[in-house]
Amino acid sequence: MSSITCFGEILLRLSPLNGYERISRTNELKMEYAGAESNVAASLSLLGHRAWYITRLPSHGVGDAAVRAIREFGVNTESIVRGGERVGTYFIEHGSSLRPTRIIYDREHSAIADSSPDEFNWQQLLDGQDWFVSTGITPALSASCAQLCTKALATAKVLGVKTAFDLNFRRSLWSLEEGRKTLQPMLDHVDILFSNIGSAADVLDIHPTERGYSWEELVKSTWETAEKLMKYREFEWVALTIRAHHSATENDWAGILYNGTDRYESRKYRFQIVDRLGGGDAFMAGVIHGLSQGWDGQKTVEFASAASAIKHTIPGDINISSEEEILEVAEGNVSGRVKR
Amino acid sequence: MSSITCFGEILLRLSPLNGYERISRTNELKMEYAGAESNVAASLSLLGHRAWYITRLPSHGVGDAAVRAIREFGVNTESIVRGGERVGTYFIEHGSSLRPTRIIYDREHSAIADSSPDEFNWQQLLDGQDWFVSTGITPALSASCAQLCTKALATAKVLGVKTAFDLNFRRSLWSLEEGRKTLQPMLDHVDILFSNIGSAADVLDIHPTERGYSWEELVKSTWETAEKLMKYREFEWVALTIRAHHSATENDWAGILYNGTDRYESRKYRFQIVDRLGGGDAFMAGVIHGLSQGWDGQKTVEFASAASAIKHTIPGDINISSEEEILEVAEGNVSGRVKR
Amino acid sequence: MSSITCFGEILLRLSPLNGYERISRTNELKMEYAGAESNVAASLSLLGHRAWYITRLPSHGVGDAAVRAIREFGVNTESIVRGGERVGTYFIEHGSSLRPTRIIYDREHSAIADSSPDEFNWQQLLDGQDWFVSTGITPALSASCAQLCTKALATAKVLGVKTAFDLNFRRSLWSLEEGRKTLQPMLDHVDILFSNIGSAADVLDIHPTERGYSWEELVKSTWETAEKLMKYREFEWVALTIRAHHSATENDWAGILYNGTDRYESRKYRFQIVDRLGGGDAFMAGVIHGLSQGWDGQKTVEFASAASAIKHTIPGDINISSEEEILEVAEGNVSGRVKR
Amino acid sequence: MSSITCFGEILLRLSPLNGYERISRTNELKMEYAGAESNVAASLSLLGHRAWYITRLPSHGVGDAAVRAIREFGVNTESIVRGGERVGTYFIEHGSSLRPTRIIYDREHSAIADSSPDEFNWQQLLDGQDWFVSTGITPALSASCAQLCTKALATAKVLGVKTAFDLNFRRSLWSLEEGRKTLQPMLDHVDILFSNIGSAADVLDIHPTERGYSWEELVKSTWETAEKLMKYREFEWVALTIRAHHSATENDWAGILYNGTDRYESRKYRFQIVDRLGGGDAFMAGVIHGLSQGWDGQKTVEFASAASAIKHTIPGDINISSEEEILEVAEGNVSGRVKR
Amino acid sequence: MSSITCFGEILLRLSPLNGYERISRTNELKMEYAGAESNVAASLSLLGHRAWYITRLPSHGVGDAAVRAIREFGVNTESIVRGGERVGTYFIEHGSSLRPTRIIYDREHSAIADSSPDEFNWQQLLDGQDWFVSTGITPALSASCAQLCTKALATAKVLGVKTAFDLNFRRSLWSLEEGRKTLQPMLDHVDILFSNIGSAADVLDIHPTERGYSWEELVKSTWETAEKLMKYREFEWVALTIRAHHSATENDWAGILYNGTDRYESRKYRFQIVDRLGGGDAFMAGVIHGLSQGWDGQKTVEFASAASAIKHTIPGDINISSEEEILEVAEGNVSGRVKR
Amino acid sequence: MSSITCFGEILLRLSPLNGYERISRTNELKMEYAGAESNVAASLSLLGHRAWYITRLPSHGVGDAAVRAIREFGVNTESIVRGGERVGTYFIEHGSSLRPTRIIYDREHSAIADSSPDEFNWQQLLDGQDWFVSTGITPALSASCAQLCTKALATAKVLGVKTAFDLNFRRSLWSLEEGRKTLQPMLDHVDILFSNIGSAADVLDIHPTERGYSWEELVKSTWETAEKLMKYREFEWVALTIRAHHSATENDWAGILYNGTDRYESRKYRFQIVDRLGGGDAFMAGVIHGLSQGWDGQKTVEFASAASAIKHTIPGDINISSEEEILEVAEGNVSGRVKR
């Protein structure tokens, strides 16, 4: 098993307690904590790795709860810096059928966004680790976070820590220009790049020749993007996800994995969605797990895609599944028969 | 934006708090308030109109709550008469798959049913309004309600207020004979008539030549009904809805709009149902909105049908959606992609 | 153990799911079923008697649920007549401290109120029973109910069935005049009369010489009322309850039992109230249990008062307690120590 | 209507209160009581039969609640033996889409498993009954339960009570060897045998020649199994269910009924699953109801299959449906139209 | 009845759904909206006045919900400015017994704090109003809010609108120095000043000669403070509240009213607390109601104190009570007897 | 800060979700995990110590949840042995006023009770630790647990690890004879003994000369017991708790600490109880914290008693409080004023 450090923001996630209610009409909220990198950390810890999560959280009840939420999964939280005023927050309204899921972000001025670069000693934090994980959301939070994330990636490379980075471009957080200026230089330190067609277009101006919406066209375009990413810079691996939207509650999904030579593509899943959030993070954790276990590319991409598929059927952002459960789906058992 | 007065009964709506439980086995109820005309009023207020809601409600906590429930949406409730003993009540048991949704009505002797015709001064209530809205449920409540509704429609015509009326025939409230005797004369005062195949058959004995159950047959029969309605009386517009039942949780749906000359038909929606109630009311509000905005028939029927489709994905009777959200669906975006 | 038939109305009891919320602001309701006589039947069944409950309930989901709610406690429901349209309903708003508990009744036109006197064959229903139980609420529901209740009591006397009757005068249901005219003749058939100072005043114009509000004065006045009741008519026993209100959530309480000769008075309880409803019914069941077990007057009144005291600490109308639990409190163990 | 005695274990059924949460992450549980034979008893009581349920339950609050849960449906619980320490328990995690439903059993050392054979006097319990019902789960609980179940079946035969038995083989309870050794001799006393392909294979080593997974192949294999069962021993009827798993939330389903001569096969249902548990028990109750009503084989198997189909759309283990509701589905009305 | 404009911030109020849970451990939140001035507006609207509420709220679902929450009570929300990014938020952890209630504020950068002074046209907003209401919380939010509040008070004075202002000093929002510098000049425009011993000390450096903690000492000190406030500046009225803390769940409470000549003091209440928040706002609304009804000082202070006392027994910040209910308590009926 | 190892059983704790409902009538349960030693471990971790928790838990969802529940507080769970079949369970019914709290245990055959002594290597587990903590519940679970606990205490002494042990005698788990025979020899290895009058009597036959129930008599008897314990064996410290029951919801409480020479007694608390369970465990953790911080006896006993008092106001078994919060109460601030 590996030692893995994840860095980012964990947010207070608020969603209507009763199913498909709209935020403007609900009276009760489910109170959870989630973030791309903390989701990955939790998944990896559940899969047996030693995971550390690095962030900054205020010293009050909401901050304490966020720490507990991630510690519950066995993630080491001892290096979390306590300080700042608020926990970034988002409201989810789960869509249904033709009504889309909507997210209202209220994450500005969060403790991590307001952190100062010298609050984290990356040399110390990454020493002896096997992997460093972050995503394009983190540098988008503030200039300080961009600096921290860049520093972390650079330090990782110096220390021989493998780096995994998901482009995860969020238009609500910054402009294409800002994003590109910040993210492109960071990619020099990235070993395993995670993306999809959209993020590659946003961050690197990489576009498939034609864009169609049938599954076959989506697969083709994703492979074309993968090749162009590999030409942009020789990553160790690029891992991309493919999603076709039938509705807010039914999607098709697959993943691909490419090292410039070998092409691995998972089976295609069709699933009914219980909770859409965290699907990409489950895939990222799955790929890291497969690579760190020394599995071959096909097994790895099947595992990661199965992990993501299962995640879509579990409430919350985190893929609370065992390796055994994921492997069973990866091997094609999607009949949903009762396990007694 | 228009000034619109809606008249009818708002009921206490009780449904099992936990999903698909049956009424005879549930221990917890969601407590809401809904009625065809108050649903329309709420939708129109949310779309930016000045909406008034007229009814009669008792002066106790349940009556207060009903007032609040409709006032919450910005509907003006100052003309609601307070008096009587009880708020009409209904219990909903949400069906699933092959099990139908069931409604148990307990609405007799409600405050509005027990009202006396002189409690409402229509001259005053309708003066200066652009629209008057009611449905075939209201006159079915009691002789007094029938008298009130007829008087309101007649007064509206005198005052030059446009009238919209949904046949909404409910066999649980009265017999075909009673219904026809009461409703047919009222239609003399109606400008925009809302119906579907079934209500036209029940109230006006208008039947399509053949009745089939394929989507194409349903569309054809609905158009035939529309034409016969226009022959029965030259309404300004007739607006009809088409619904095909795959199961309690999956329907196909479309709307048509006809002025005797031009035929407008919306795209067809297939959706998974979160809450079936209020779908027709959302359509009615959509048509009134389109006409009052001066939109053309096609845009109007697309908007109204999209409004109804979205409503089916929202818990409760009311279509809590903005014009922007509805237009997006009306323009064909039904992929359900996350909005961040 | 005895065979006991209870006759009355069971209502749908709706109260805010979350503690002390007001009816006009709540969104979720606890859905239960309760009524004076069904509460007594449930208590007696839990204490080991064969209890029958007689009422009329509609043949729909809400009526089914009411049947189940009483059957759950082992009460025999086979003689319940199914028919009518609605289940009488009441809304409870639990008060707290200086804010009183409020009840909104919506019970007119219920199935039992609308019953016809020939729907119940008392000869058959009471044949072989040991006890018949009803209260002053039942005849207040409608002329038909008054007739039914009178007939039942008279038949019981003829058959040698012991009759227990709680005056339970409710000003919201009828006037003093109506009540007195109906109830006074019924008392000729009553063996064990249950009352308190207020009901005796309302129904029989029996008043204590002076009315004070200290505990001692309340006890004195209650005894005076008991004596006057015994003078009014030689009941086998009169059983009265004494309650002092410190607030909506704290009361003092005791019970007395009097056969014209011997005076039994229970210890005084002070308790914090979880649910105020059903306290008198628990007392009534307790007295019937004691008498039917052949206990002496002191044990009986202590048991009945303890039963009532415990009831005030249990949510819902029904005293879900075993004889053993009640006896322990009756013997003075009110320390509330954990039972492991 | 018939008098029917069911014998088995009723368990405490705990499932996450909020939809699709996993057991390892939930904080709130729905607390219900269910068991194969008690499910059948409840269904039969709801269909109008006199049903008795026989088991052993401890004399504490959880045991009391189990008794109430079954008594609520009108089942006679007077012969339940009270004793032992614990109520067997299981945790359900409702699966969704490709994620299977999982059950964690914690049922060892339950009151019924720890019972002694002389606690039940079958001669007395079965005297005058029309039917005796049990399943292969009951003898699997303990040696004592196996002895009890065998004794009950044998006594029933002596007394001329018809016996219905569902093989219901559970690999989590015992091995194939143990199961076969115990169950095979019991079948000598069985009149109506319930099974499916899997249980017939497990208990009787009866396998279809080929096993395919298309619906047609499943139907064919099930008929082949039915014939082999009839060859194994001349049962009065064998009743088998057929299920194809599309996912945890969508199944196809049908039932067959065979008396060695006539072959009855129900229509095929496709449904979305609200609660998977109790589907087979609803079928069993449906067959017993049809046979006991003297219906022909086709009507019986259609009724039983419709009952099972509806059950899948209702939360909990029990098919809370009326005969009228089931017949409507059995006759092909699966459109899910609103019933007002 | 009067026309009353209230200005301030309405916050998202989040508290554990289940009673006394701590924020750091809860999983479910009650989602409400509250603020000192919106609480006053809601109370006054419930008492029959025409109330306007002025604030700034973002144009998203959470902002919409805040508007609805205040509109529900009949408050006019048409002048609310829509803009900004976030709704100020606070988390409440209800204390119990010796454990204090704790509030975590997350209100910086809210829409109203980020407003610019020219977004509100006070001349227009206050024209024709009878009263203007604000509190010391509003100017503490930002320099812009301080400017807005000062401008509003000054404009009100020019237009002859009576001004009511509660010092409401919050140490968590600003320092004594900042507060004093901002608030003292604003008091020149205040007609009715609301305070207590603590706020007078914080804002005006006014201290009682001795400070004791017995009820008598608290009353004496409060009167001394009232006199010193009147000496500081000749307000029309000063209205002060007195609170003695027995525990987080039991307080004593009274109010006084002083015009420099006449001294009015309410009866003293002891109550168990259901929800502590909004107690002072209910008092403020009560005083404004009494004065605007032309009641004498004693009736006014009794009404206002009763309003506050009742508020402490109602969940949420708002005193959802009718004038009749409050008057009953004001007249001394605190027995909590059931109202049927 | 210290390194502390706690050994015992963590149970699934099930209690009615809604307040004071009885187990036999509830439909929803709160699902938590608690145990004396895990409560102590959680408290100590929250106070800043490095806490390890040792137990045995099955490898399924319920076992996983138990691990997460303790890990959430920062307790190290890496040495928990995974195996066995079930998690011991208990049901709590929270009493109110004169109705006692009741606990139904279903903990036999749990994973830890069924453990074998060689599954724990105490030499390794205790090496380098500062403290070992267990209670009299653990050896009561099974012969194997008794052996394990004895071995652990003995090993601790050899390794110089300080041992803290709470007698915690539970009559529902074993007889006085069994308990004495097992526990008395274990006390040879105990440094700090926790008890109260009752456990000292049960385990060591130590009784106060007279037993009274006034607070003064309870204090006197407790001191007499402390002295006799010190005479029985020279413990480093004995720490005893004193509780007077006014009702299930109101208690008086204090703690004493005695080293044979110096007598420390905390202030007396009166509190309303939110959750009675875990009060003694909070005291134990408080004493260990004080001693390990090197505080004097008075500060230690005040801290531990305040911790216990606060615990009674928090739902669940665990004292989720910071050192700062506890110290504030320990210093006498029990007014419950709002902390903003």
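As written, the chains take the letters A, B, C, D, E and F, and residue 1 is the first residue of each chain.
Rule of thumb we're sticking to: a contact is a pair of C-beta atoms (placed from the backbone, for glycine too) under 8 Å apart; a residue touches a chain by one contact, two chains touch by 3 or more.
Bear in mind the structure is a predicted one, so any value in this text is a computation, not a measurement.
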Repeat of interface B-C, chosen from A-F, A-E or A-D - more than half of residue-number contact pairs shared: A-E
Compare the two sides of the chain A and chain E interface and say whether they are made mostly of the same residue numbers, over half shared, or of different ones. same
Distance between chain C and chain E based on Cα centroids, please, to the nearest Å. 44
So, in whole Å, the Cα centroid of chain C is separated from that of chain D by 41
On chain B, where are the residues touching two or more other chains? 17, 19, 22, 24-25, 27, 30, 68, 102
Interfacial residue positions of chain B with respect to chain D in the complex: 18-22, 24-25, 95-103, 105, 170-172, 245-249, 276
Show which residues of chain E lie in contact with chain C when the two form their complex. 17, 19, 30, 269, 271-274, 309-310, 312-316, 320, 329, 334-340
Taking the complex as given, what residues does chain E use to touch chain B? 68, 71-74, 77
Interface residues, chain F side, partner chain D - complex: 14, 17, 22-32, 60-62, 64-65, 68, 85-87, 89, 91, 93, 102, 104, 106, 108-109
